[in-house]
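You will see chain A twice below: alongside chain B first, and alongside chain C after that.
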Partner chain A sequence: MKRTPVGGLLILGTMALAMIGPILTVILWAFAVKWRYPHILPTEWGMKFWFGMLGRETIITPVLTSLALTSIATSAAALICWPAAYAFARLKFPGRQLMLFSFIAAQAVPKFALFVSIAVIFLRLGLVGSFWGVALVQMLSAVLYMIWIPTAAFRGIPPALEEAAFDLGASRLRVFLQITLPQALPALAASYVLAFVSILFEVDGALLIGAPTVTTMPLLLMSLSAQVIVQEAAVLCVLIWVPCFILLLLTRRFMTAKGIAQGFGA
Partner chain B sequence: MIRFATKSGGHTPGQQQRTGPGQEALAGLALVALPVALLLTLTLWPTVTMVVSTFLVDGQVNASRYVYFFSDAYSLANLRYTMEQGLVSALSALAISFGIALYLRFSAGRIATMIHALSLFPLFVPSIIISYALVRFLGPNGLFQLLLEQVGFTHYRTPYLTPVGPFLAFVWEALPLPVLVLSAGLTQVSDHAVEAARDLGAGPFRILWEVLLPQVRRSLLIAFALIFLGIIGAYTVPYMLGPAAPEMMGVFMQRTLGNLHDADAAQVQAVVLMVISSVVGGFYIATMLKSQGGER
Partner chain C sequence: MLQIDTISKAFAGTPAVREVSFTVERGELVCLLGPSGCGKSTLLRVISGLTDADSGSIRIEGADMTRAAANRRPTAMVFQSHALWSHMTVAQNVGFGLRVRGLPKAEIAEKVGAVLDLVGLSAYGKRLPAELSGGQAQRVALARCLVVEPKVLLMDEPFSALDAHLRKSLREELKSLQRRLDLTTIFVTHDQEEAMELADRIVVMQAGRLEQFAAPGSLYRNPQTLGVAQFIGAMNTCTTTVSLGQANWYGQPLRLALPDGEAALLCRPEDLYTDPRGARARVTRVIDLGPVTKVSLMTADGDLLTWTCPREAAPDVDAEITLMPRRLHAFRDGALLAQIERPEPALLEGVPA
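Moving on, here comes the complex of A and B:
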C-alpha cells in the first residue's frame, strides 16, 4: 500500500490550500491598504487601518469588555473546577463516576438551544444584558476543559511519590504544594489557556444573554465583517487571534489523540 | 485542616489508612459541589423549566405550540435543512478524515508529518475566525477566485450564502477530532495483520472493510455523533456563511428570540432541537459508556 510521493504531495498541496488559504487571506487583508480585483496580492501594503482603529472607542470598549469577561469567567471556573478535578482523581465519594460523567454528557446538549432556555430565565431575573449574566453563562464553556484535563493530570501522577513524602513525615499541605501541584501545573495552565481562548471567542452566550448592552469582541467582529471596509474586521482577527494561536501552541502537548479522545469519551 | 487520603482507592495493601472513608467522601463531595451545582443550574434547571413552559398555554396544559411548529412549512423547512446540513457535513468530514488517517497509517516522513499538522490546525482556530476567513477566501472576488482566474478558470461561482458555504466550514472545523482518533485507532492494526490478509488474497477494499474498519468502528460512531451534534446546534457558521432561507435552527432561534421577541416560539424550536439531539446524544453516551466500561 505504499504510495508514490506524487500522491502525497497532491494531498499536501490540497490540504495546505484548504487549511491555510482562508487564514492567509485574512492576514493579507489586515496589511493591505488597497487590494483591487484581479490582483492576487494587495496592490498597496501598510498598517494604515491598524492605527485608525486603535483609537476608536467603539473598537476599544468591546475588546476591553471581552478581556474582563474572559478573565473573570475563566478564573472563577478554575477556582471551582480545579479542586473538584483533584477530588475526582484522588478521592472516593458516592456518585463520583456519575458526576464526572455528567460533565462529558453535557457536551451532547445543543449549546444554542440551551442558551435560549437560559436567556428566557435570565430575562425574568433581569440578567439579560448584564455583564455578570454573560460571565456566568460563559463559565459553562470553560467547565469541560477545567474538569477533564486536570482530572486526567492528577490521575497521571503516581501516588507512590506522595506516599513516600508522607512516610517521611511531610504534612498533607506540604505534599500537595511540593509534590502534587508542581507536577500538575502544566496541565492546569493548559486547561486555563484552552478555556480562556474558547471564552474569548464565544458567540452564542454573549449574543443571547449579552446583546444589545454587552458587546463583546466576537460580536464586534460580526458587525465589522458586514461592513464595506474589509480591513477592519481583518485587523481585529489578526490582532486578537495571533496571540491566542501562540498561546494555544504551547498547550498542544495536551491536544493528543488520547487527551482529546478521553475528553470526549471516544 | 482536613486530612484525607491521597491513595486512589486504597488498593495499596499494608499501608495505613490516614482518614476514614466517611471523611474522604465528605471532602470529595464538598470539593465537587460547586461545579456540579453550576452544571445543574445552567443545564438541567433551564431545560426542565423550558420544556414545562412550552406546554403551558394561558394556564392550560396543551401542545398547541408544537402543533403550530409541525404544521408551519417554514419551521419544517428549517428543521429539515438543519438535519440535512448536519448529516451531509458530518459524513463528509468523517470520510475525508478517514482518508487522511489511512494515508497517515501507511506513510511516514516529512509529507505525512505536515499533512498531520495541517489537519490539526482547526483546533487552534475559533469558529468566528474561520467563518470570517472563509467569507474572504471563498466569497465573490475572494482569494480562491483570484487564484482560479490566474490559471484560466473564470466560471467560479461562490458557495458563500448557499448551503455549500456552511458545509465547507463545518468540514473544515470537524477534521482534527476524527483524524486524531482514527489515526490512533489505525496504528493499532499491525502491519502483520494487513500483510496476512493480503497473502490470503484480500484486495485493498476487503482489507479496508474487514481489517481496518472494525478497529475504528466505535471511534467513527462517537466522532459522528459529536460532529453532528455540533453542527445542528451551530449558530456562528450558518449565520456568517449560510443562506437566508431556509435557515439553520441556530439562526432561526436567534431571529425568533432576538428580533421577533417571540420567546414561546423560540423555546419550542429549542425543545425540538434538544429532543432530536438527545436521541443522537443518548447513543453517543451509550457508546462512550461501553468503551469506558473496561476502565472501571
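Moving on, here comes the complex of A and C:
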C-alpha cells in the first residue's frame, strides 16, 4: 500500500500559497476595476488602469530613468567586475582570498548605513541628486553577482582549453576573446541579468542619493502605493515583474549552490 | 631536430625536472616514460613553451626556442583531456590554428577537410565536440595539431582516459600516421606497453632525472640503471654482498667477476632455468597465462622469486626445484656494474650443507 503523505502535501501547499499568494494578488489587482470586501475575487475586470497608466508622463519618465540607470550601472559594473573575476579565477596574488571574502563582508553591513556614509562623500562631490551619483551607488548592488558567478565560471574553464589555443599560435588577447569569453558567456549573461534585476529594484541607494530629483521606478512604486490607488501600483508591478521573471528563469541553472560555492574557491 | 640540453625546472623549490638532455631525430617518435610525478609531463610542457624552464636550452632545427612563448614555437600539443572547444564545431576546432595564421577561408576549408579525412572523421566536420565519443574527440584533437604542420608533435598521455581496447587501436593508427607523415613526435605515457609499442626510442624518467634513453628492446635487455631495470618489465631482485669474486644468490653462491661490496643482482623471470646446481626454492603458485606459465616460488630464506616457463616445464605446487640465472644484471648504488651471462656456481666454498 502506498500512503499519500497528507501532512507533507499540506505543508507544501501552505508554503506555495505563502510564496505565490502575494504575487497572485498583485496580478489580480492589476486587472481588477472593482474589488471590495467581502468578495474573494474582483467583481469587475478590465484593463482600465493599464491604459490610464501608460500614457502618463509621470509614469513614463521614471521607467525610462530606471532603464537607463540600470543599464549603465550594470554595464559599468560588468566592465569592472568581469576582468576582476578573471583575475580572481586565474591569477594567484597575495590577499586574493581576503579580497574575495571582503565582498561578503560588504554584504553583511546594513546597506542603508553604507549609503548614508557614501551620501556624505557624494554631497561634497556634488553627486547627490544627480543621475550619475545614483548610477555609481547602485553599481554596488551588482558587485556581488558580478564577482561571484563570473569567478566560478572562469574557474570552471579547464586551463588546457586556453593553453591549447595559445599553443596553436593564438595571442593572449585572441585566446581570451575566442576561447575564454565564449566559454564563460552563459554564466556572464546570467550574472548580468541577476545584477540588472537587483539594480532595477534597488531602493535604498536611489532614495538616499537620488531623491527627489531622480525618481526611479521602485521609488515611483512606493509613492503610488502611498496614494492608495492599489491598481496603479499593481499594474506597474506586473509590468516590471514579468520580464524580470522570464530573465531570471533563464539564469536558473547558474544559481546553484555549487556555482556560488565555486565563486568562493570551494 | 629537437635538442633538449640540461633542462631543469622546479616548482616552489621542489625540482620536477633535473638536468635532462637528449636529442630527437627527424621523424622519430620518442616516448617519455615514467611513474606519475616523475616530471615527464612538466618536461613536455617545457618543450611546448607552456611552462618556462629554469635553466637549460631547447633547440628545434637548430633555432634556440628556450625563451620563445608557446604561441611562437613550431610545436603543437595534444592534451590528455583533448581540450576541444565546446562552443566550436569539429571543423572550427581543427581550423583554429589556420585562422590564427590568417589563411584564406577556402584554403582553411580545404586543409581542414584533408586532415579530417586523414583521421577518418571527414563526415564529422559539422558536429560539436559534445557529440563525439572519447576516441573521436582525441582524433579531432590530433587533427587540430596536424593541420598546422608542427615541426614537433607533443602528446600528453592522449589515450590514458580511454578504454584499453580503443587505446590499442588508436595507438596503431597514430603510429602509422606518424610514419606516413614523417612526424617528429614526443609522446608522454606512464604505460610501459604503450611506450614499448609506439616508440622508436624511450626516455625513462624517474624523480625528474633521465634514467636511460634507448630503444625499447635495448631498455629491456640492457637496463643501465637499477631504476630502469626495476621499472621496465619484471625482475627478481636479490640484494647481496660480493666478496672475493663470489656472492650468495638466493642461498646459492655464484662466481661473479665483480668488485667487492654490496650489489643488487637482478634476473628476468624468463632468464631462470632449472639446474641441479641452482638455488633451492619451493613452488607456491602456478599461473597458466596462456602463452607462458608464471611460477611463484619462495626460497628457504623467505625470498620471493618469479619464473616464467613453457607450460610443459611448469612444476607442481609445493614442489622443490633448483634454479639458475641465465643472465644477471648487477647494480651498485643504482648504476650498472656488469651484465653477467651464464654465471657459474661457486663449488669450492659456501656450498649449503
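The criterion applied here is as follows: the second predicted complex is superposed on the first by the 255 of 266 C-alpha atoms of A that agree within 3 Å, B and C clash if a C-alpha of one lies under 4 Å from a C-alpha of the other, contacts with A are read in each partner's own complex, and residues count from 1 in each chain.
Assume contacts are C-beta pairs under 8 Å (C-beta built on N, C-alpha and C of every residue); 3 or more make two chains touch, one makes a residue touch a chain.
Note that the structure is a prediction, hence the values are computed from the model and not measured.
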Touching partner for A:Lys111 - first (chain B), second (chain C), both, neither: first
First, second, both or neither for A:Leu10, with chain B first and chain C second: neither
Which superposed partner A:Pro182 touches (first chain B, second chain C, both, neither): second
Partner chain in contact with A:Glu163 - chain B first, chain C second, else both or neither: both
Touched partner set for A:Val137, first chain B, second chain C, both or neither: first
Broader residue contact with chain A after superposition on the shared chain, chain B or chain C: B
First, second, both or neither for A:Ala68, with chain B first and chain C second: neither
Partner chain in contact with A:Ile60 - chain B first, chain C second, else both or neither: neither
Which superposed partner A:Arg174 touches (first chain B, second chain C, both, neither): second
Overlapping contact positions on chain A, where the chain C interface meets the chain B interface: 163, 166
Touch list for chain A against partner chain B, complex: 1-3, 5, 8-9, 11-12, 15-16, 18-26, 28-29, 37-40, 77, 80-81, 83-84, 86-97, 99, 101-114, 116-121, 123, 136-137, 139-140, 143, 146-147, 155, 159, 162-163, 166, 172-173, 175, 180, 197-198, 200-201, 203-204, 207-208, 211, 218, 221-222, 225, 230, 233-234, 237, 241, 244-245, 248-249, 255-258, 260-261, 264-266
Residue ranges of chain A touching chain C (in the complex, touch as defined): 158, 160-161, 163-171, 174, 178-179, 182-183, 185
Chain A-facing residues of chain B, complex: 1, 3-10, 12, 15, 18, 21, 24-29, 31-32, 34-36, 38-39, 42-43, 45-47, 49-50, 53, 100, 103, 106-107, 111-112, 114-115, 118-130, 132-138, 141-144, 146-147, 149-150, 172, 176-177, 180-181, 183-184, 194, 204, 218-219, 222-223, 225-226, 229, 232-236, 239-240, 249-250, 253-254, 257-258, 263, 266-267, 269-271, 273-274, 277-278, 280-282, 284-285, 288-289, 291-292, 296
Complex contacts: residues of chain C adjacent to chain A: 48-50, 69-72, 75-77, 79, 81, 83, 85-87, 96-97, 100-101, 141, 144-145, 148
